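Okay, here's the structure, questions in a sec.
Residue numbering begins at 1 within each chain, and the chains themselves are lettered A, B, C and D in the order written.
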Amino acid sequence: MDFFEITNDPLDVGAIARRVVPANCGATITLDGYVRQFTKGRETLHLVYEAYEPMALKEMEKLIAKARERFEIENVGIVHRLGKLEIGETSVVVTVAAPHRRAAFEACEWLIKELKRTVPIWKKEVYRGGEIWIEGEPAIKN
Amino acid sequence: MDFFEITNDPLDVGAIARRVVPANCGATITLDGYVRQFTKGRETLHLVYEAYEPMALKEMEKLIAKARERFEIENVGIVHRLGKLEIGETSVVVTVAAPHRRAAFEACEWLIKELKRTVPIWKKEVYRGGEIWIEGEPAIKN
Amino acid sequence: MKVQVLFFGATADETGEREIEFSLAENTNANQAFAEIVEKFPRLKNHKLLFAVNQEYASGGEIVKGGDELAVFTAVSGG
Amino acid sequence: MKVQVLFFGATADETGEREIEFSLAENTNANQAFAEIVEKFPRLKNHKLLFAVNQEYASGGEIVKGGDELAVFTAVSGG
């Protein structure tokens, strides 16, 4: 029941989260990541996301497998959007259902941290007066 | 921009979470609590929630104030549903937006733990062959 | 003096009441008031109870006043 | 032998390419292959780069084979 997807379409966070609900769980923890308007005082106009799609999907699948080894979780869903996103639009949803909510919180937080570190997706920030591809921390060892 | 509500109507988790989104945040963490079908092997048919409404709202307000002291968070929303809930229906939503997602995860987890301990709401579990008011841990000092 | 006493969930089932008027002597504190309520509804002793005065958890020493809203309920189980 | 080399985001902008065919000697390892690619597109040196071979992060010692899919990109920034 896990899923990991990349799409150009708007994300319905509530509907995505509902896809992980199993019969023996009582809570789902969901991260809704969206385009923030202000970052350190600079105003973003919009973002453009791009992915190395087949590798990104493989990395998401690996992340979910690792999360299952680390945490007692039932179902995981990850969906990332690509293309041009306006302020406030959802770029990523990570949703986790677990029998105990502690594990769901931990797994959700771990998954978004690792996704930002390992999944080959990039964002270009378009601000008033310019644009720049954001480069993350080069934490992956070559 | 915080809110805390009690309602008899179905909860739209995605819409509730969207009400806490501020301009300087990039992520919202949401707990969607729903009626689980199986608890320790026993099958639930449905739940009935009841509240001491004015006191429950006061306690929710206090929780949010305490969370703001403890965590660097921007907005909090808590909505609890009352009445008869079928399997899988959402009973409670706790949603937190923060500039840094660590604080949002921590605050969301703390809020649901404290809500379950202090807010005067009770659930009756109706299972095959009987029904029982669930009594929590009597952690509040009289 | 008279106070209102509210029951919820299990305590409403045990007492058969959701709200009653209850008579107390002047200068009764919360501990004494709730002891009297439990004496009147002994089936409440089947439960670990929580008490509130005017929509706040009671610490026990509060002096109850006429017209106050008291509540008797079991440990909460929302969420 | 020929390999495909993909660029994304900043590395696509720096090279002006999104996908090229690239010639390598037989038995070239990933470190050597990526060094040659960076030599051909020196503006890539403005960035901290990550490398992949066949959609897996490269550790460097992998022997590259004809037809392999290589990729050169900056540290990821999704989410």
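Heads up, the rule we're going with is that a contact is a pair of C-beta atoms (placed from the backbone, for glycine too) under 8 Å apart; a residue touches a chain by one contact, two chains touch by 3 or more.
Model, not experiment: these values are computed from the prediction.
Visitor: Fewest touch steps from chain B to chain D?
Guide: 2
Visitor: Can you give the whole-Å distance between the Cα centres of chain A and chain D?
Guide: Distance between chain centres: 25 Å.
Visitor: Using mean CA coordinates as chain centres, what's the chain C-chain D distance in Å?
Guide: Taking the average C-alpha coordinate of chain C and of chain D, the gap between them is 73 Å.
Visitor: Determine the centre-to-centre distance between chain A and chain C, using the mean Cα coordinates as centres, and give it in whole Å.
Guide: 49
Visitor: By residue number and range, which residues of chain A touch two or more other chains?
Guide: If we look for residues of chain A contacting two or more partner chains, we find 33, 112.
Visitor: Chain pairs that touch, all of them, please.
Guide: A-B, A-D, B-C
Visitor: Going by the contact rule set out above, which residues of chain B touch chain C in the complex?
Guide: Per the stated touch rule, the residues are 33, 49-52, 54-56, 58, 80, 91-92, 112, 115-124, 133-142.
Visitor: Taking the touch rule as given, give the residues of chain A at its contact with chain B in the complex, in rising order.
Guide: 12-15, 17-18, 21, 23-39, 87-88, 101-102, 105, 108-109, 112
Visitor: Which of the residues in chain C come into contact with chain B in the complex?
Guide: Per the stated touch rule, the residues are 6, 8-10, 13, 47-52, 55-60, 71, 73-79.
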